[in-house]
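Each of the next two complexes has subunit A plus one other chain: subunit B in the first, subunit C in the second.
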Partner chain A sequence: MAQRRGLLRIVAAGIAVALFSIMVLVPRAFERPLAALAKFGQPAIYDRDSILALTLSHIGLVIAASLAALVIALAIGIFVTRPAGAQYLPLARAVANLGQTFPPIAMLAVAVPLTGFGARPTLVALFAYGLLPIFENTIAGLKGVSPQVVEAARGMGMTGRRILREIELPLALPVIIAGFRVSIIVSIGTATIGSTVGARGLGEIIIAGLQADNLAYVLQGGVLVAMLAILVDLGLGFLERRARQPRSA
Partner chain B sequence: MITVEGLTKSFGPVRAVDGISFELAEGEALALIGPSGCGKSTTLRMINRLIEPSAGRVLIDGVDTTGIPPATLRLRMGYAIQGIGLFPHRTVAQNIATVPRLLGWPRPRIAARVAELLELFGLPPAIFARKYPHELSGGQQQRVGVARAMAGKPAVLLMDEPFGALDPITRTRLQDEFLAIRRRMGTTVLLVTHDMDEAFKLADRLAVMERGRIVQLDAPESLLRRPASAFVESLIGSEDRGLKLLSLAGVTALMGPAMDWMPIGDGTFRKAGANVSLAPLSASASLREAASRLVFAGVDELPVIDEGGAIVGVIDMERIIAFGGGSR
Partner chain C sequence: MTEEPTARPVPTGAAAEGRGLARLCAVAALLAVAFAPFLALQPNRIVSGEGFSLPALPAAWLGLPLAAVLTACALVAALAHHAAVQALAGAAGALAALLGAGLAATALLPAGATLARVSLGSGFWLTTGAFGLILADALVKLRGGPLARITLAFAAVGAVLAVLAAGLWNDLSIMREYAANRDSFWQQGARHLVLVGGSLAPALLLGIPLGYLCHRLAAARGAVLAVLSVIQTVPSIAMFGLMMAPLAALAAAYPALGAAGIRGIGLTPALLALFLYSLLPVVANTVAGFAAVPPAVVEAARGMGMGPLRRLAGVEWPLAFPVIVTGVRIVLVQNIGLAAVAALIGAGGFGTFVFRGMGQTAMDLVLLGAVPIVILAFLAAVVLDAVAGRARGRAA
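Here is the complex of A and B:
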């Protein structure tokens, strides 16, 4: 059963990788099926920019924002689970939640006057939006480590720093990766609206399609974003499972 | 040698531990025993400073440990707890290597120590070294837990109900194994338990605790013969304390000269003039086993043989009963 599920995952990943690579590297390959969706005289394939360049820019935005969110959320999550930082837990939770209560489009609207158009407001929105899942999972993961295991480590003479690095973080890792996975998947989708404020990315294709009433563009952009999300999800899911099971002799 | 002087812990107005003092000689095993909440675990945890004492101090070989950073101090004290606390993401070998690694031992020395301990605890390294804790039975996990606590050759091994979570059969087996290992290695042990039988079995002396104080500190036999208070008496269990007393002494201490007993060739012995042949007692048997055998066989004496099968004496009911005399 588990074996069949593993096989299914590999097949799905293979199809997604193949489809995504073709769409990015040889966009024209799908001209014929997409043409059926375009109106008469409209181009079926987005050609105002290189798909590869847009994809890389999209990935760059997401990675920059998500990594920043990971570092900050992890640092704060670790801090508020230490005895010294425990009193800041409610405050940190409130701030992280605030990032999620704003719809991303509102976040962009607020960020533009502060940072100008382009990639910056998008980065701010993605960062603020990505914090909460990582933060909450870091806390859940660290609090989920058996107190007996930590007590044993302390009793054997490990320092707090060492316990964190060698015991707590490795044991919390699967849960933290799961949080990062949610965060980055949301970011991949949310980054598309960054194109409304001039950030370069795959959202450009969708927005161009919406403006020109060109369904072929919308579908091309939508499928590209979806494939990217699926691939990242599969990849991080794999890492999460690896971190979860100690490999046995 | 470990010296504990006036160790006290107050939680607000409550004194959980109230001026505990005792000495633990090199190679000795001392059990802190008492009901839940008597302060025995708190005392243990103050010794390795998992809990900071409100007052009092602990000395190792005459050196006050107050000035030593807690983490450094703990490297010199083994610590085994109930529920084990093995690191689930590390192999058996890595778990046992924890303290030697923290102490910065060279790799070959760590590997040798891990292999030595695994052998000692009956877990062949070839099979167990690379296993993860979740692949072991409860008894095996507990063995690894104790082996891990002993790995850094600590000055004292602190154990908090180490066999508490096991089924009775596994617990007895582990206690026997641990006793043999302790005798062989000469480990100094401070044990916390609420199980009187476990304390009698594993410890040379018992410190009975009640509401944060030691009410009696004595060898098992003195504790049974002369309990200091009704509380100690009730903790010992007054009904079967005669039997407990018998389990503390071996038959060889009490047996008389063997006369008239003859081997008849099939491993059993017959007394001159009698017509039943009886299986002998081993010289390592306790008086309790001897009494049990006598009662079961319905006779008043039995021969005792050494490891080679030669008769070394006889034990009879009269002597066993006399052993109980002198208790109040």
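Here is the complex of A and C:
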């Protein structure tokens, strides 16, 4: 049963990847079905920019911001779970919890006056919002490591740094990946909205469609963004499950 | 849901009572007061203007005392031995910054200038933020209960509203934007609540029974949750866009539906998209809530002769309720933010001001939309956290 589900998942993912690749590389292939939605005389396929370039720019924005968020959130998360940073832990929890009530769109809106239009406000918003889920899950993951395990490692003569690297981080990894997954999915969505402030990405297609009242663009862009998010989510979900499996030492 | 595993208690005593953070914030507040532009004078609504830090304010009779008061609050907060003193210093500092910004704006605005604007600068935001963190840190140390937190959140919002209602901020550019959009501000606010409430209610009506069904039928659980989590993954603009095409086609095919208000743009696709987003947290938390009910308790209720309906209403539901409330909290906060994006497809709401402001590069108009959204989301989170906390206390 579980095996059949796994196989089904791989087949579904394969079809999705193939479909997404065709949409990105040969957008014309979908001209006929989309043409039904465009009004008379309107183009059915977005042609003001290459879909591949928009996709790569979108992914680039998300990766740059999310990796920076991962590094910083991990560093702070590790710090507040060490004895030296323990005094900041209750507040860090409160900030991570309430910070996530701040809507990503508001984060973007606040970043614009600070950095101007273009890719920069989007990067700032993606980074700032991306920190929170990773940070929260880093704390949850590290705090979830059984104290007996840490004690046993210390008894074996391991230093604090080695315990962190060889025991705590590997055990917390699935939870940290889960946080990264949430963070990156939110980032893909926020980067789409970032097109309203001039970030280059797939959101451009949707925005252009909304402005020109061209449903074909809206659908093309919507499907592209949705598939990108779903595919990335599937991929990270796979990594998360792998990390959860006990390693055969 | 990323409900964290049972957290071990933080080591109390010396470590938990540390003053490191209050000191850090106090230093940040001091630097912001001394050097960062507290206000900016703009020649008109779009051009960015010249910034003034508090000590450099032309109206020195106001700027210098205000800077002194804020400095005093920061010093008290940094040196306070008791968390209550720190809380008072934080609240006093934030309030002083709030009042001072309004007074300083009136003083800074040249007499008779109709186009000139005074907007809040980074100094104001940093100072208020630092005092807010000092206050939050003190409250964490004081370990206030949920009721205390609700009271405080509403008191903070009430204080801001009182300052606004008294007209103290009338010379600040964000309030100029409000004055220019007074009627539509409340209309769009009401629309925002319609979007949030109109999607939450059906999600609860459908999601809770669906969650219970998934709890009883293991076969349905995996498939339903998988489909809902794929839906949740779709970014908001894309989702709104994807709703437009089928609804437009439907309205075109059946004019009667179009006449009833079902259209490809506006309220209908927005409500539908928000409803779909709301389902996963409601269903997943309902499943988790019922799954956490100890089987022994259900068995005991059966032993006492309770029927299935009475077991559900009297035993299982009260025990599952706190987890379900946590799901409602997630949905509410999420929808308040996502409803802002719905403005892009003509559904209205506070997002209208955000996107119109971005289009006109008028940052104060953006803030006029963004600030109420943040406040609403924040209040929803605090209130529902408290409700969940109380329910958990009662169920235990």
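Definition applied: the second predicted complex is superposed on the first by the 239 of 249 C-alpha atoms of A that agree within 3 Å, B and C clash if a C-alpha of one lies under 4 Å from a C-alpha of the other, contacts with A are read in each partner's own complex, and residues count from 1 in each chain.
What we mean here is this: a contact is a pair of C-beta atoms (placed from the backbone, for glycine too) under 8 Å apart; a residue touches a chain by one contact, two chains touch by 3 or more.
All values derive from a computational prediction rather than experimental measurement.
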{"item": "Superposition-derived comparison: subunit B or subunit C, residues of subunit A touched", "value": "C"}
{"item": "Which of subunit B and subunit C A:A109 touches, first, second, both or neither", "value": "second"}
{"item": "First, second, both or neither for A:Q148, with subunit B first and subunit C second", "value": "first"}
{"item": "Which of subunit B and subunit C A:L171 touches, first, second, both or neither", "value": "first"}
{"item": "Contacts of A:D49 with subunit B and subunit C, given as first, second, both or neither", "value": "neither"}
{"item": "Contacts of A:M156 with subunit B and subunit C, given as first, second, both or neither", "value": "first"}
{"item": "First, second, both or neither for A:Y88, with subunit B first and subunit C second", "value": "second"}
{"item": "Shared subunit A contacts, counted only where both subunit B and subunit C touch the same residue", "value": "none"}
{"item": "Parts of subunit B lying in touch with subunit A, wherever the complex brings them together", "value": "48, 50, 71-75, 78-79, 81, 83-91, 98-99, 102, 130-132, 134-135, 145, 148-149, 158"}
{"item": "Interface residues, subunit A side, partner subunit B - complex", "value": "146, 148-149, 151-159, 162, 167, 170-171, 246, 248-249"}
{"item": "Complex contacts: residues of subunit C adjacent to subunit A", "value": "2, 4-5, 7-8, 10-11, 15-18, 20-21, 122, 133, 136-137, 140-141, 222, 230, 233-242, 244-245, 248, 264, 333, 336-338, 340-341, 344-345, 351, 354-355, 357-358, 361, 363, 366-367, 369-370, 373-374, 377-378, 380-381"}
{"item": "Of all residues in subunit A, those that touch subunit C in their complex", "value": "5, 37, 83, 86-91, 94-95, 97-98, 100-106, 109-110, 112-114, 117, 133, 136-137, 139-140, 143-144, 147, 178-179, 182, 185, 188-190, 192-193, 196-197, 203, 206-207, 209-210, 215, 218-219, 221-226, 229-230, 233"}
